[in-house]
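Structures are listed in the sections that come next.
Two complexes follow with chain A in common, the first pairing it with chain B and the second with chain C.
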Partner chain A sequence: MRLADLFDFAWQVLRSSISRTLLILLAMGIGVAAVVVVTSLGEGARLYVANQFGSLGTNLIIVLPGRSETSGGMPGVLIGKTPRNLTLEDALALKRSHAIRRFAPLIIGAGDVRAGALSRETPVLGSTAELMDIRHMEMAQGSFLPPGDPRHSQPVCVIGAKVANELFGSRPALGEWVRIGDRRFRVIGILAAQGQSLGFNTDEIVIVPLAAAQALFNTESLFRILVEAKSREQIAAAKADVEEIVRLRHEGERDVTVITQDAVLATFDRILRALTLTVASIAAISLAVAGILIMNVMLIAVTQRRREIGLLKALGATGHQIQLAFFTEALLLALGGAVAGLAVGELGRSFAVQMYPAIPFQAPWWALAAAPATALLTAVLFTVAPARRAARLDPVQALSRR
Partner chain B sequence: MIRLSGIARTFLVGGEEVHALRAVDLGIAHGEYLSIMGPSGSGKSTLLNIIGLLDRPDTGTYELDAKNVTALSDDELARVRREKIGFVFQFFHLVPRLTAAQNIELPMVLAGIDPAARRPRLARLLAEYGLEERAGHRPDQLSGGQCQRVAIARAMSMGPTVILADEPTGNLDRHTGQEVLGVLERVHHNGGTVVVVTHDPEIGARSQRRLRMLDGAVVADEKG
Partner chain C sequence: MRYADFVSFTFASLRAQRLRTVLTALGIAVGIAAVILLTSIGEGLHRFVIDEFTQFGTNIIAVNPGRIQTHGAPLGAVNTVRPLTIDDALALRRAAHVQAAVPVIQGNAEITHAGRSRRVTLYGVGAEFGAAFRMRVALGQFLPEDDPRTPRAFAVLGSKAAMELFGGDNPLGDRIRVGGERYRVVGVMQSKGQVLGFDLDDTVFIPVGRALEMFNRESLMEIDVTYEPTAPLAEVEEGIKRILSARHGSEDYTVTPQQKMLEVFGTVLDAITFAVAAIGGISLVVGGVGILTILTIAVAERTSEIGLLRAVGATRRGILLLFLGEAALLAVLGGTAGLLLGWSAALALHLVLPALPVHTPWSYALLAELVALAVGLAAGVLPARRAAHLDPLDALRSE
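And now, the complex of A and B:
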């Protein structure tokens, strides 16, 4: 039998039982569309998180006090030493590393910020001029904290867009004085509106020089040190340098945690990928269900078309040809279902994009390949049994009226 | 052309052996027109199915065109059937979703013949069996006589060695039956070999050679 004739024959069968065909197409289509939509959502979330991390800074290394690892060796704790604080001196010592481009020590507290009669409770960040470049911040007006020795401070501050709006309304804020706690700061810059980035809204903060924050919150210890490596390749070296420099300063104790942005991102990436894969597999189960539907329908077809199968054999069809006819039918169904499913999935994806334009929903290539492939594979697999049954049918019995 | 020797076929029905054929010897020459008659259950259909390679004998040998076909594999049998055997059934057995033309074409399609080569053969068959106007009709739009003509055209489409018809008029009224018989006789006059199983003595009488079966054995073989 020629290939074109085989397809033609299967096509005639599908056309002659339209409702049965549509039902299977529906089941297959839903399965494929589910995989496409679900993976689009998962991949969208993954890309979204990756973008968010990217906006935090490049080649970023974060140093925080305390050892977060639970691995056995913490003799300091065992013999009763309290872990050391991370200090500005620790941060300044990082200048020795050649792998580090810049760093910004960070103190965070909450402060009551007043301008005239208005007041607002906001997070207050103490840092240095380098923070702006490390965190990719942009100014709407004025300038960021002035560079200089972080041990001394000027009474200036930079405020977020929303804070400016709430405290000053439409009045110009630049050059005005605000009061935080019992200290006065002149507003020298307003941050450009950036919005939320990983749970931290730069629109709602006030940034003051590090020394001012130390005085304000009456603390010497840093909340974090943000470090930017010179390049992607230097991240590992920078991390080792940070650990070594701080260890030497802390009498040999490894009592800080150093996180690279890469590692965090990789972790998120892994988690979200695994999640996407899991949900996609669950969606793929519906493909298996569609496969079982195909098997059921084919088994019924073998019974219904007993006489036809007997006839084909009497006309000289081999068992192989009969099987091929059934496989072609199943393949056409799966193919149609896959195409319909991909189309519907794409529709669902663009709908999601309309709803949440910020998230880059897009089905990953492997899902776009795997969903139709799974549809075809299940269709073929589940047709094996019915096709063999048809091929083994005894033509004499099939043709007799008994 | 067809040579059966010692062909036996036994069925097991509920633990009991039913001897559908007991040691049948039969030779059929090229161009013969042969009828097989006999009471119900005498083994006529079983014999026809074995000649048509749809069924295998339990013992005996079968030579078709001087070739022993007793021990061929299922696939080989299918190929021989495709090339050399044309079946006509009592209940027509047309594929309901296919048109008359597509039904006639089916054996050529199964044989993998090129559409370009199929077309003239199909046109010739449609003309020969007076089905040109019905070519695009489906079986449910055809009369019984027309259905059987389609079936005969289909049986002839591969130019078979022998046409095997099992009660081809059994499902038709008298007049249409005569007409279909006329078609089969024309196949014979054009040099074809035809074997007809029938219950109708009149039809039997019109054939050139008459076989009588009883209880799985050929009990009479008259010529002329």
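And now, the complex of A and C:
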């Protein structure tokens, strides 16, 4: 049998029982589409997290006080206090490193901000002028904190878009005085609305100079130091420098944790990839079910087409050729199902993009390759039994029986 | 058609094509098994998390300074302009139904003894901490009931910290340095292991008054209030708020009952379980398509049989019910097999990986069975209608 004959034969069979063919295509299509949609959701979430981390800053290194010997101790370090503070002087000493472009010391706390009779509790950040460049913040009005010696502070503050709206409504906020705790600050800038970023809403914060925050919260100790390395290659050098400088300043004791943005991102990446893979394989179970259906229908077909197969064998077709005919049919079905599934999956993806434009849903290439491949593989595997049964048919008996 | 005839007819037609029946039911079975297995894992994780939390008791209310929450943690615990003090904690003991009010501050410090040192998590706590969180002492005693504002320099070690610092020696009565200050060890805690990524054994407990001095701050991170288990939660919350608001002038603190936290965790985990079950349920839909395909073929094959039935007096309704019954039976057979398959897979998984908690929620199992039945019936409708609408004359002639 020539290849063209083979295809023609399979095509005739598929066309003659159109509803059966369509139903099998539907089953295969659902499986492939499920895998594509589910992986696009997972991949979208992964890219979203990666973007969010990217918007936190580039080549970022985060220094936090405290260190834990067990890996499980991270949560304690994240908000805990330490006997020896991470101080502003520690931060200023970081200037000695060549690998560091700029850094911003950070104090964070809860404060109640009042303007006139209105009061609102917001997160209060104490930092320096460099914070804006490191975190890629944008101003809607006015200017950011003025540069200068971070040990001294002017009574000025920068407020988030939502805070400005809540406290001042439609009135201009620039130049107005607000009270935070027992201190007064003049509003010199309003941040551009950015929205939620990894659970932290930058629209709802107030930024004051570092020295003011120290006085406000009555604390010397910094919550974090954000450090920006000069380039991607110098991140490792900058990290080593930070550890060494702080160790020397802290009498040889290693009592800070230095984490790089890349390390955190890589962890998230791994977790989300594993999740996507798991969910995709759960969705792929439906492909196995579709395979079972193909096997079932093929077995029925062998019984129904007994005479036809008998005739083919009587005319000299070998068992091998009969098997090949069945495999061709199964491959065509799987291919059609895969194409339909990919199309529906793509439709589902664009629907998801319409619903949540912020998240870049996108099926990863491995899923686009693996889903049709799995469909083809299951189709072939589940056709083995029916094809062998057909090949073993005895032509004489097949033709003689009605 | 009589009821008994109806049943025997359905069974007979399924038995006549055994392989076909088994394969069709297998499609449904795989779907159901996937759903059962996945929900079992989800439910197991749910119970695991709840157990981790409730081992400290359920009648706990946390009070944190500040009213804003970020990253799920109260920001006021880091720094705040409205501090919670030890006096606040003492005042809370007078609230209605309250058993204990434990001031807590947490941090990271180095402990040293005889040349060995280790960085551990430090908890500055009140004397009732051990009792309130159901943590037991292995050696010695927990921190004594001193005046919390001027406590003696006693420390209690977590089991891992004690092991690392003292090896097998008895640490009771020895002096250690915590963050550079000298403390006398009065007790060692029993091992608690890791709780949600928190190592509770690599710790040192010191009196809260001294921890505040060590960290040079005035605000506690948290006051943990335990109340009589039978007391109404709303009333206890009300009492706490009344006392604190009177002391502070306004509500500048957050009150979080542990039960609320458990509810939040519960809803999140339930949502995840449901989503995963739904993805597994796609296989069920494909299995339904399988039933639809096989029945369509069956109707075509049995056209003459249907014609005969109609000719001897079977109504359209009777034929419709016959095929629907066949579809439903296929689905239920598959569903039952899938239930057994999924359940045994879950048990096997639990045997292979004892660390993975598995629990089969019977409500989900029942739901999966019902869904299988519904899928079967829905898949049966089209072929059954086609069969019912066959003209008896044409059907008989087709042979």
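The rule we apply is simple: the second predicted complex is superposed on the first by the 386 of 402 C-alpha atoms of A that agree within 3 Å, B and C clash if a C-alpha of one lies under 4 Å from a C-alpha of the other, contacts with A are read in each partner's own complex, and residues count from 1 in each chain.
Convention: contacts are C-beta pairs under 8 Å (C-beta built on N, C-alpha and C of every residue); 3 or more make two chains touch, one makes a residue touch a chain.
What you see is a predicted model, and the numbers here were worked out from it, not measured in a lab.
By the document's definition of touching, neither partner reaches A:L92: not chain B, not chain C. A simple residue count on chain A separates chain B from chain C, and the partner touching more is C. Of the two partner chains placed by the overlay, neither chain B nor chain C lies in contact with A:L335. Look at A:A317: by the touch rule set out above, it reaches chain B but stays clear of chain C. Once the two complexes are laid over each other on the shared chain, residue contacts for A:V380 go to neither chain B nor chain C.
When the two structures are aligned on the shared chain, A:I259 is found in touch with neither chain B nor chain C. When the two structures are aligned on the shared chain, A:I24 is found in touch with chain C, with no touch to chain B.
Looking at chain A, you'll find no residue that touches chain B in one structure and chain C in the other.
For chain B in complex with chain A, the touching residues are 45, 49, 52, 54-55, 74-75, 78-79, 81-83, 85, 87, 89, 91, 93, 95-98, 102, 106-107, 109-112, 114-115, 154, 158.
Chain A meets chain B in the complex at residues 1-2, 4-5, 9, 12-13, 15-16, 307-308, 310-321, 395-396, 399-401.
The touching residues of chain A, counted against chain C in their complex, run 19-20, 23-24, 26-27, 30-31, 34, 38, 65-70, 72-85, 107-112, 121-124, 180-182, 199-201, 213, 216-221, 223, 253, 255, 279, 282-283, 285-286, 288-290, 292-293, 295-297, 299-300, 304. Remark: chain C residues 19-20, 23-24, 26-27, 30-31, 34, 38, 65-68, 70-82, 105-110, 118-122, 160, 179-180, 194, 197-199, 202, 214-218, 221, 252, 276, 279-280, 282-283, 285-287, 289-290, 292-294, 296-297, 301 touch chain A in the complex.
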